[in-house]
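In what comes next, chain A is part of two complexes: it sits with chain B in the first one and with chain C in the second one.
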Partner chain A sequence: MIDLRSKINFFFVFNPTFGPKEGDELKRILYFYPNEVSPDARKMQVGLCEAVVKFMSTFSSEPCEALQTQSKRYIFFQPEKNFWMVLVVRIPYTTKALSAVGESQGDIVNPTVMQNLLTSAYKMFKMFRGPFKNIPADDLYGISEQFFTPYISSRHLTNDISDVIPGINYLPLDKNSFFKVVCFVDHLEVTYPDFKCILFLYNDQLLWNGLCTEDMLTLYQYLVQTLLPKQVEIEIQGGVVTAAQRLGRFISPPDGIHVKEDLDKLIKIHVTLEDDTEFKEYYLLIYRTLSATVCFTIDVNTRLELDTVKSVDAFIGPQLSAIASAISEQCSLHALQAAQLASEHKFVYFNRLNLILKSSPPVNKLQISAAIKPEVLSIMSGIHADRQSLGNYGEIIIKTPDEYWITGKCSNDREFYVIIQEKNANLKEIADEVKRVCEAQMKGIFFYPM
Partner chain B sequence: MASTSNDNVPQHMNAPENASDELEPGACHDSILNPTDSFEEFASEMSSSLRETCLTTKSSTISEIQSEILETAEDPKLKAAKSSDDLQTKDGSMSASASNSNLIEENGDDTDDDKDYLQSPELVNKEKHVFILSTAGKPIYSRYGNEDKLAGLCGVIQALVSVIEEQNQDILRFINTKDCKAVFLVKGPLILVAVSKSNESETQLVLQLTYAFNQIVSLLTLTQLNRIFEQRRNYDLRRLLAGAERLIDHLLVFMEKDPAFLLGAVRCLPLPEKARENITNAITTTCHKIRDLVFAIMIAGNQLITLVRMKKYTLHPSDIHLLFNLIRSSESFKTAESWTPICLPKFDATGFLHGHVSYISEDCQACLLLLTVQRDAFTTLSQAKHTIAEKMRRANCLVAINNALNRNEELSTTKPLKHIGIPEIRHFMYKCKSTAQLFSSDPISLDRLQDYRLRHKEGGDIVDKKITKLSDIDYVRNYRKFCNQIHCVATPAKLIFRSSSQDTILSWVTNGFELYVTFDPLMEKDHAIKAVDRLLRWIKKEEERIFIMNAPTF
Partner chain C sequence: MARFNLKDSDEYYLTLTEQPKRFDPDCPVTNVFFDDTNGQVFTVRSGGIGGVTVNSMDDRKCTSFQMEDKGPIISIKLSPDQKILAIQRNHESQSAAVEFVNFKDMSPTNVEYSHSCKWKNAKILGFVWPKANEIAFITDHGIELFQVLPEKKQLKSLKNTTFSGAWFSWCPQSNIVLLAGNNGILLQPFYLNNSTITKLQKLELDSMRPVVERDVFLLCLCDTTWCAVFRHGVSASVAAPGPTEVWLMPITGPSGFHYTHILKTGLVGRFAVNVVDDLVVVHHQSTQTSQVFDIMEESKVENSIAVHIPLVAGASMRPALVEGQPCSMYSGTWVVFQPDYIIDARLGCLWQVQLLPAGLAHSVPKDEISKIVAALLRRTDGRDTIYRILHQLISDAGVYLVELSKVFDEINSVYRKWADLEAARHTAGQVAPRPRAPAPARVLVSQADVCEQLLPAHSDDRHLVQVVTAYLASLSRQELVVQAGTSAAGVRALVARRAGGRLRALVRRAALADSRPLACQLLSLHRLHAAAAQLALDMLWRLKGHEEVVEVLLSWEEPISAVGAAKQAGGNVWNNLPARKLLAGAKNDPSAFVAVYHALLNRNDRLRGSPHFLKAEQCDIYVEHYKKLTSEQ
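So, the complex of A and B:
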């Protein structure tokens, strides 16, 4: 686990059109981290970034993405017109291979990880606070402060594949169990038309989604990175699971919904539902029983009664707990099968269409898995970023000096990576091994060339 | 089947590494070239910290040579540069154009004008811009357009560099957008910037800027360059660089097209072993008495024919590239014997060598360079040249050179792919690391480059043309990414095999060589391994022709 605060030099958000006059430069800075930095130093950093953005705009119509100096990397992101978010991170300025420098794995953060951090910070802001442009300029400073400071201190990075390729861990289920989930969701939405089920998780695995793909990922990340780890901790500390917990409770708002006043504590989110084109504001309710977590949205214009919520609680509780137990049995069966199939080599599968990310050992945000070597991770993230050079289908095999073979295959929107460490192997043997892993793990998913 | 994981050549052609006659193709124990990788040097340069100016040179090789030649000791101190007084021709109107105090202000004012000019037809939509300016912000060179009109832009560049240097105690390296990279290199008194939309990596661009800097050094020497700016920070260097613009123009095109730069290696003109030996002998027998001759180099069409050197001294490939560029860019050498000062930055950046440059004869486009530390050796060297030319003619060397230059169909090296007979291979390039020499399936000939230069004159524009048939230059362009990954400092690769519906590319680096091969699309791995195996055997068989396998001295 990487302490994010030790990696970030600065993080700031600015808009050059706020405070256009000289002397008003500080007004352009909506948020600046860390707080200790003096106003002059803030102005200097933001001024530099403005100059860089302007310089590049004379040559390219694309927005500026990065500025690299000897010791730092400035990562730029312009999520909305004139709004810039900049993350400044230290980079190891080494002239030797990373491993030769003796940097331990945790010391080097892959640049892609930092880039993803910046974009997900914005997406999270947009989901919970709305786009920058919709917020009155005067409120922006306070709202940003409230949002970003806790966000930075709560984010944990693992420098693992899931931070390089942000994806979703799906739960494979047999037909009957999945049918139970679908029935439950339909039944609920028919009985309570104001409630819309947008996400159904078992542990950190997704079973059901009702959001557009991008929002699905953001909400999923919020759950598995922020909300659920806290819940799990509470549950573990609580020792014996209380009867109420077995039957389920609302975990958002955090203290549940017991009295009328609790309804005022509901969180709002800005999302686009699946099969909808409108980006709208909704109330978000999250319900949890055993290891199952369900998220609902309710239109903000709905007048919500405490009775309704109580009756929903009574409706969901027993049903969800039954489903959760059924899934749990399924999972243990599944785990047994997986153990038999287990590959000695690390592999990763990703599909851009539904953002599924499958890997061995499994991605599990709630448990930290052994990290991949930074060089290998960096090569994988290079392949991922340069996917278009493989075209619609293709494969690439890269061998590193320390006998790691990294294979990347892609077919349309699917990507498959295998990492093999093997001395004295040749290209053909590696390709055959990858083929075996692919056939064993990815049954029915077609990759060409074989 | 070759084991591609081995760092050695495939087994059956690979005896134990120390068996002297079983080296990888092209390797020999003695090299005329200094095989230091430009990439390694680049890496060490990039790690130099802010305050240590990387331009303090070690003791001068030239004075070392001069002190060794005691007989010619009448003028032991080489007067490398024009007296600095010459440089002080007054130009009072020059004042610092850029004050770094107010970066944004400046940026705001200037970029508007710049934007207009940068959007003008002569500058817009170029694949790669190169700007050179002094650390005071004064424009020196722009690849396109008129650098006078770019004073504003140069001011911004200078301000960016100095803000990061002074306020952040850091060094500006590069900025990028999705489709465009701006790379910065500060070398002594100069700032060099490339703004590129090509697929070259940051490292490759910095290497090109270093070459451009070395081109300037080769005209002035580093000593003079530093002294000029020590005396007058605002000096307008263009006045000293008349004619250099053309050299840099040509160098930039050259670097974009020729894999020699990508690999940090020199291409040799394929010649029968005997012919090359005769040429070398013609030079050594004629010149062994001329004591202050440091190098005798014969080149033709950007390819090395032979290089005879003073004992102990070798040339770096990048110095030879600069010589190639000089010869290729100067028509005047064709008409008369010339006597010209040349500084070879890797050899000795502090002083000039004196070069006798001439073409062998009307009917042979080989050019002979005789480099000496003696400033008044013209007559001696001119005589030597005529003797060499005569000896070569008698030994039938001119025919051999012309055959190779005209790419006579009967030579196996003219169309190597046909000769090797592996139809799946579309293109390859091979570098022998220990001798820093390269060979590729389709050498870029001089007239082709000329051709590109003409096309380039009109444009250098980004065109979205549908490529129907790849030229050798397109293949080399495709290798850039692979080269970069292979030489990547933090995460290097030993082998990359990429197969797509377009093509299959294999790049493989071992202790002895680097090999890049393009196959048909979706090539089977075992076929590729076999093909590479055959290819290496062919190169081994032909090594005496396509490489210079010895390192003759005077």
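So, the complex of A and C:
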């Protein structure tokens, strides 16, 4: 795991139009991390970036993405017009031989990971606070401070595949159990028309979604990275869960909903629902029973009564715990089947259209080596980022000096990676092996044949 | 508990036939007899001199004639073919005998004869016609079965059996006679068939609680003959007896009905019983209500006993009109006969009891809707009411989604059983006899019915998506294959309601089974939902629709992949793929064109020994195109 704080040199958000006059430069800086940096140093960093992106705009209509100096790497991201988010990380360097750089590669934060960090930081901000442009300029400083500081300090980058390819872990489930989930959602929505179920998770696996793909990913990341780990910790520390809690409870707002005042603590989110076009503000309620977590939205213009929420609680509790136990039975069955399918090689599957990210299960949980080596990861992230060269379909096989064969397959918005560690193998053998793994693991999925 | 009220339904679920069959009322000079075998009412005026009128619901069985008064009549019945009239008279001095009159065209001839019972001191309890020319005398000594030879004016004894009985009950549908012996403790059924008498398994009752004649009936229900016994009170020693129960004990029938059914009326007093559409109707005089019991309903069996409560709360039959005037219902002058006859001898009316299925759903507790639908599925005329209930549930799916789901389960479980039987029949071949199901469903609501008759009426309903999902979920719970038509209708509904996400989720979880029509439907959505096309292509590939996959890839301008797919599909597909089509598909991408061109040259070489295209393949312009491309490089 990489401690992000030690790697990040700076992280800031600026808007050049906010303080156009000389002397007002600090006004342009909406947020700056770390806090200890002096105003002058801040001005210098922001000024440099501003100059670079401005200068680059003369060459390309596309906004500037990155800048690399000898000791630092700058990643730029312009989520909204004139709003720039910049992430600056140190890179190890030596003034002597360039070959030495390779050795400390493991410590370098992968550029894709950095880019993902920026975009997901923005998406998270947009979901929970709304777009920058909708927030009055005077409030932006405070809101950014309030949001980004805890966000940056809570993020841990693991240089894991999920940080290179942000995706969603879907729960494989038989159709009858799945119908149980859907019918539960329908029953709830029909009985309480103000409530809309937007996400149904079992542990960290997604079962049901009611958001547009992009927002689904952001909310999923919020749950899996931030909210649920905290909840699980509370549940473990709580030891014996009381009977009432076993039936379920609201975990957002954090202290549940017991009295009328709790309704004022509801979180708001800005999202687009699935099969909808409107980007709107909603209340977010999250309910949890056993291992099942369900998120609901309610239109912010709805007058929410405590009685309704209590009645929803009574409605969901027993049904959800029944479904959760049914799913848990199915899961143990499925785990047995999956174990038989286990592949000796690591693979990663990703579908851009539903953002499913599936990777080979670690052969043995205790084995740390199950994690993908940073060099390999970096190659995979390269293939993932470089959509252009593979096009809509294609296959690439890369061999590292230490006998790792990395195969990337791209087809119809899907990606499939296989990592094989094999000495004395040739290209043909690797290609055949990849084909075998693909057929065994990706049954029923059509990859464009070559 | 919220109640479901079927719109435009009557509160009555039972009615008497609208036009009663009228006959001369019972009075000192007129005697009325009823023959439940033929459903005929005999009105005998002045012992026959004043004329005998025969009335029936069946107009072909009505007639009138005159005869001599030879003494008071106990029983008068025509043979089933209406060719012989048999009369039993009360002659205290003479030995027990039955008189016969041959009939022709529903009129008596002058051919008359009589026959006495073989046992000299026996008393004839009655006689029955098990067959057109067979008659059985039921006596207190036993049963005597004869063949009647009308031309010879004599009876030929076929069979007899001894049994000392006090009274009997007869079931014309099953030809079973039940004789009561040992002071109402022993009930002995006999089966009269094939000119013989078969003694069946006797029914022994609690010796502390013997039965009397008016409490015992033979009923034909669900292809089984039952002995129905009214059990009044729980214990004789208690001053205030508990409510009456009806015990149904199986006598004969197909397997599946081995145990006793107990119908709990919860009432005390005078009762009568009818059978209408395989429902047991229990009329109760003092409350003027009738309860219906469905013994085919799902019930827990304990100690070989299944207990039932009324299907719906007891209600009166619809008040009947006689000549435009309301007549007294549940009157003391009513006599009830099996299976569904009610006679008011004082009024001179013959009715049949009929079921009004819609009345069963008039007011039902919300959680019993599925039970009512299950019962309606077993009724001959249940279909219309089931559709009305379904329409209403779908329209109000906001309130009734859960109930609707259960109703779908009932419908589909019936459908599933039917489908299994059909499958078994087809695999067993023509020779195998059709297996008899113990509880045959009368109404079948197939997937096509739901998609063609139910759902189209609700295309504007608010909860259509949820209804369609509930139906698919129910099919899946019953492990039924979602038919192409159903899945097409489902996809249409989901797409029309912008539930594309749900559609894809269902396809991903294999809740909609793979099929070519479904794949094509998904493909057609490809402009709206890229993911739908992705799933469609997977599906086509799984279905081995290789030609289609090649077509799709070509239309997406992926000629290289099209060639790859064709090659993977095997020689047959690849060798027969028109070269012109592939080249046309690759024309816009020079490198792809060259690759496809080379692949085709290879194919030509392999198939024909020469790389050149045939004239018939019409590839000349592409050959030119290739030359142009390669010369440029």
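Convention: the second predicted complex is superposed on the first by the 426 of 450 C-alpha atoms of A that agree within 3 Å, B and C clash if a C-alpha of one lies under 4 Å from a C-alpha of the other, contacts with A are read in each partner's own complex, and residues count from 1 in each chain.
Assume a residue touches a chain if its C-beta (ideal position, glycine included) is under 8 Å from a C-beta of that chain, and two chains touch if they have at least 3 such contacts.
On a predicted model such as this, the values are computed, not experimentally measured, just so you know.
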| item | value |
| --- | --- |
| Touching partner for A:176 - first (chain B), second (chain C), both, neither | second |
| Touching partner for A:263 - first (chain B), second (chain C), both, neither | neither |
| Chain B versus chain C as contact partner of A:187, first or second or both or neither | second |
| Which superposed partner A:431 touches (first chain B, second chain C, both, neither) | first |
| Which superposed partner A:26 touches (first chain B, second chain C, both, neither) | neither |
| Residue contacts with chain A in the superposition, chain B compared against chain C | B |
| First (chain B), second (chain C), both or neither touched by A:59 | first |
| Which superposed partner A:392 touches (first chain B, second chain C, both, neither) | both |
| Touched partner set for A:304, first chain B, second chain C, both or neither | neither |
| Contacts of A:137 with chain B and chain C, given as first, second, both or neither | neither |
| Intersection of chain A interface sets (partners chain B, chain C) | 392-393, 449 |
| Chain B residues within the chain A interface of the complex | 1-6, 43-44, 46-47, 49-50, 103-105, 107-108, 111, 114-115, 118, 129, 153, 156-157, 159-160, 163-164, 167-168, 170-180, 182, 195, 197, 202, 481, 485, 489-502, 522, 525-526, 528-529 |
| Interfacial residue positions of chain C with respect to chain A in the complex | 397-398, 401-402, 405, 463, 465-466, 469-470, 472-473, 476-477, 498-502, 504-506, 508-511, 530-531, 534, 537-538, 540-542, 549, 553, 558, 560-561, 564-565, 567-568 |
| Complex interface listing, chain A residues touching chain C | 173-176, 178-180, 182-183, 186-187, 189-191, 193, 208-210, 274-276, 351, 353-354, 392-393, 411-414, 444-446, 448-450 |
| For the chain A and chain B complex, residues of the former touching the latter | 22, 44, 47-48, 50-52, 54-56, 58-60, 62-72, 92-98, 375, 378-379, 382, 386, 389-401, 403, 423-428, 431, 449 |
